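Got some structures for you, see below.
First chain A sits with chain B, and in the next complex the same chain sits with chain C.
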Partner chain A sequence: MVRALRLMTLFVQVSVQNFTAYRFDFFVRGLMSLIHVGAELVAVWTIFNNTQSLKGWQWQHMLVLVGVYRIIAGGIRISIVPNMRKLLDEIREGTFDFVLLRPVNAQFLVSIREFVIWRLTDVFLGSAAAAYGCYSLLGHVPVKQTFVFIMMLAAGFAIVYSVWLMLATLCFWFIRIQNIEMVFWNVFEAGRYPIVIYNPWVRWVLTFILPLAFITTFPAGSLLGDPATGVPPSAPYYALLIATVLLLLSGWFWRFGLKRYAGASA
Partner chain B sequence: MSQIEINNLCKTFRVPEREGGFWAAVRSVFRRRFRDVRAVDDVSFQVDEGEIVGFLGPNGAGKTTTLKMLSGLLHPTAGEAKVLGHVPWRREAAYLRRISMLMGQRSQLHWDLPAIDSFLVHSAVYDIPADDYKKTLDELVQLLDLGDVLKKQVRSLSLGERMKCEICVSLLHRPAVLFLDEPTIGVDITMQTRIRQFIRNYNRKHGATIILTSHYMADVTALCKRLIVIDHGHILFDGSLEALSEKLAPFKVIKIDLDRELDGYDLATLGEVLSVEQRKIALRVPKADAAAVTSRLLTDLPILDLTIEDPPIEDVISRVFGQPKSEPKQPANASSAVSGGAAR
Partner chain C sequence: MSRVVRVFLAYLRAKIGVMLQYRGEILLWSIWGIINPAVLYAMWSAAASGNENQSIAGLDRGGFAAYYFVMMIVGHLTGAWDVYHLGYLIRSGQLSPMLLRPVLPIWETLADNLSYKITTLMFVVPMWALFAWLVTPRFETSLWQVGMGFIAVLLGAGLNYMLCHTAALLAFWATKLDAMGEIYFGLCMFLGGRFAPMNALPGPILAIAEYLPFRWMFAFPTELLIGKIASMNEALIGVVIQSVWLVGVVILYRLMWSVAVKRYTAVSG
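Take a look at the complex of A and B:
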């Protein structure tokens, strides 16, 4: 465990070193994050110029949701996507063999090697938006709910990680699946809006099949603790359950894929 | 004591197959046909501690597949293997810590960072104590003459420099068994020689067991006392370099230098004429006849100089694989290719 943490820290360090080589990028990209969040806020503002609420979600609620979306999308871009992209490249180019030669758990190793540090700006901006939305609705940021909120964010992150790991594992069978990333982001976009605005059947799919609800809407609702958002109080428990099941399932699928790799690749 | 022991190792791949053309392509979408390819077929051998063994064969002979099974990357279809007392494909950390595999065609260094950063990551992944790491690195840097190279971004290194870094990173954890898959591929002749020297020194100093594949004959002749020749997944030969020429090329090459041009003398009755350049002639004769032919030549012809040589090893090998020599002779010290590109 200590060793795992040490390794992870080292990879973060290396990423920071890597990133300092392109300092100018930092400012440009930081600015881009700002524009992104700005555009999202303008969209929210436009909607609420025309209506008081979206199926019970007021602008403060939406601000928290925009924040959550940013935090999670930032987290995905900091570590999940770059690591999985690297993994897909390596499987395609054959350098994945070097991962298997290392005396470290392969799933762990492929998940912690890359960190895109400057994407932290997304996490900061998202947190600021969520905190502001929460503050303007409740007049304070509730401590206990913040704790639950952070746990739900972690669960949401674990869900996305598991889904990505399974998608990347498919590469052991189908070598060319690079555009899977585009498909992922297109689906993920749906998480920008509260789940209640969708048709019942879309809502069902986004809760139980592609559990997007657990990644953005439910954490946002849990932070506010407001029944008007339509988020059930039991959501945190289900989030933990789904995250655990998916982590186990993706780990199993990964090992299954590895077996196939060792059995068939030339 | 043998460190590597392989018994009846087999590996079969299933590869999809179809006829050429549009309709065949469409049909293959619905009904795929597969063909079994035996990449490694009933291979057995042992390698002792500290030995350097050359693994030789044309493309697709099964060299890389065998190395991949020994390093735990592939599961065999049948057969057994033990390396350092471990079954490789169980990929136990204790095993992986003691081996290294270098693939000349593929890089394990971080492209955007200086090599030294990749080395640091490697030392953390292998959990090398700081003191050991420093000692080993200092030694390798000196032996490979890496000084300034370490701080340069890997993408800006020359191929030779990069290869030295690849070798360095593979040895940081002081592996007891090394699998080198074409370690000199693409680098120039001087660098090839230096890499060879380094490998030899490393083997002497640390007693590491090494299996080396290369398609440069010179790598193999310079480093390996023992050769294993493999073709179509089968072992054709396992023994010393001398025994290989003995077994596969029972010929001698007699070269003569004449005082004057020949006039109507039929050399073909004595042996196969390899070349005639003005007054220099090369003949290939069966080993058993070499003495008799030499004395005939000496009595019949006005000879200034005569030498009897073993045929070059690359000739021997290309005869085995039934291919003509694939490259024109390069200048002294050059290596000629036995096989075309590298096996994957």
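Take a look at the complex of A and C:
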């Protein structure tokens, strides 16, 4: 455990050094993050320029959702995407051998090797949007619900991680699946809006088959604790349950896939 | 002239062959063009159902179904991504061999563009049909609007292609290509009517959109095809504005190209 933490700290340090080497890039990218959030705010403005509520979601609710979407998407780009990209490349090229040779759990190692530090701007901007939305609706940011909210964000992140790990594991069978990232972002797009906008069967699919609801809509709803959002009060328990099940399932699938790995030319 | 046409057709044949090699890849690219309008349809029809008159900007549920169904098709037919693709060719030096050929590189990238649109039809047409079957769009279109809409789509496609290609030429000077590409697509999204119909935009944003070409690439052909542009006069004025923009952008392209290409220094080919 201590060794695992030490390893992780080491990888973060390297990532920070990499990041500080390109400071000018940081400003351009920070500006782009700002523009992204700006565009999302324009979207919210446009929607509520035409209506009072989106199936019970007012503009304050939507601000929180925009924030959650930014935080999760930022988190995915900080750690999940770079690590999985690297993993897919290595499996294809056969250099994945060197990962297996190391005296650490392979799943752990492939998940912590790279961190895109500057993407933290997305997490900060997202948190600011969520906090502002919450503040303007309730007049304060409730402490207890904030804890539930952070826990649900963590559960959502764990769900995304599990899905990605399973997608990446497919690479042991199908060598060239680099484009799987695009599929992921395509589906993730549907999480920009509360799931109540979809018709019942799409909603069902987005809750139980592709659990997007647990990644964006439910965390946002649980921060506000507002029944108007249509988020059930039991959502946090289900989020924990689904996250645990998916983490176990993806870990099992990873080990199962690993047995198929035969190395390439290396 | 006839030589350019012959070269272009040869390019087109070759590029279609290449595209067919990457069937899986282009399928994935084309999915975004389906999911994005489908999600926006769901969002706007939900928003309209919350209003007393059940509509927004003159569109009710069936109206939004028609708008985003047509936008799905218009977005595919008028799509352009040279700001990424050509920009990458310039920065990576892969433009060098293209410059040695006796026709402008724009013919090759145009063939790329058209070959993608043609080869992806086999995926997107069934998905369009499925979407239409699921959401039951309601059209108020008469025959002349279909005819004018066809012309408007062609002009819109030309305009978007030329502007996107011209914007890509900034890669001769700038280095941050991804940022440029994202801003271009963002402008298409918000000022072009892909995110929301023009009438639903907040006043200040609509005011900006009026003076830029983006609405003439997407919103105008779409409005025409769903029958929202009622008078022939208005449609004709729109087509004239599209043509003026197109001519203007072609001139800008020629000017920029002649300056830009002199700046080109590739490290490797």
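Definition applied: the second predicted complex is superposed on the first by the 261 of 266 C-alpha atoms of A that agree within 3 Å, B and C clash if a C-alpha of one lies under 4 Å from a C-alpha of the other, contacts with A are read in each partner's own complex, and residues count from 1 in each chain.
By our rule, a contact is a pair of C-beta atoms (placed from the backbone, for glycine too) under 8 Å apart; a residue touches a chain by one contact, two chains touch by 3 or more.
Since the structure is predicted, the reported quantities are computational estimates derived from the model, not experimental observations.
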Touched partner set for A:Glu189, first chain B, second chain C, both or neither: second
Touched partner set for A:Ile150, first chain B, second chain C, both or neither: neither
Chain B versus chain C as contact partner of A:Asn49, first or second or both or neither: second
Contacts of A:Ala4 with chain B and chain C, given as first, second, both or neither: neither
Chain B versus chain C as contact partner of A:Val202, first or second or both or neither: second
Touched partner set for A:Asn179, first chain B, second chain C, both or neither: second
First (chain B), second (chain C), both or neither touched by A:Val245: neither
Chain A positions touched by chain B in one structure and by chain C in the second: none
Chain A-touching residues of chain B, taken from the complex the two chains share: 13-14, 39, 65, 68, 71-75, 89, 91, 93-97, 99-101, 103, 106-108, 110, 112-113, 117, 120-121, 124-127, 344
Chain C to chain A touching residues, read off their complex: 24-25, 28-29, 31-32, 35-36, 39, 42-43, 45-51, 56-57, 176, 179, 182-183, 186, 189-190, 195-196, 200-202, 205
Contact set on chain A toward chain C in their complex: 28, 31-32, 35-36, 39, 42-43, 45-47, 49-55, 179, 182-183, 186-187, 189-190, 192-193, 196-199, 202
For the chain A and chain B complex, residues of the former touching the latter: 3, 6-7, 10-11, 14, 17-18, 21, 93-95, 97-98, 100-104, 109, 259, 262-266
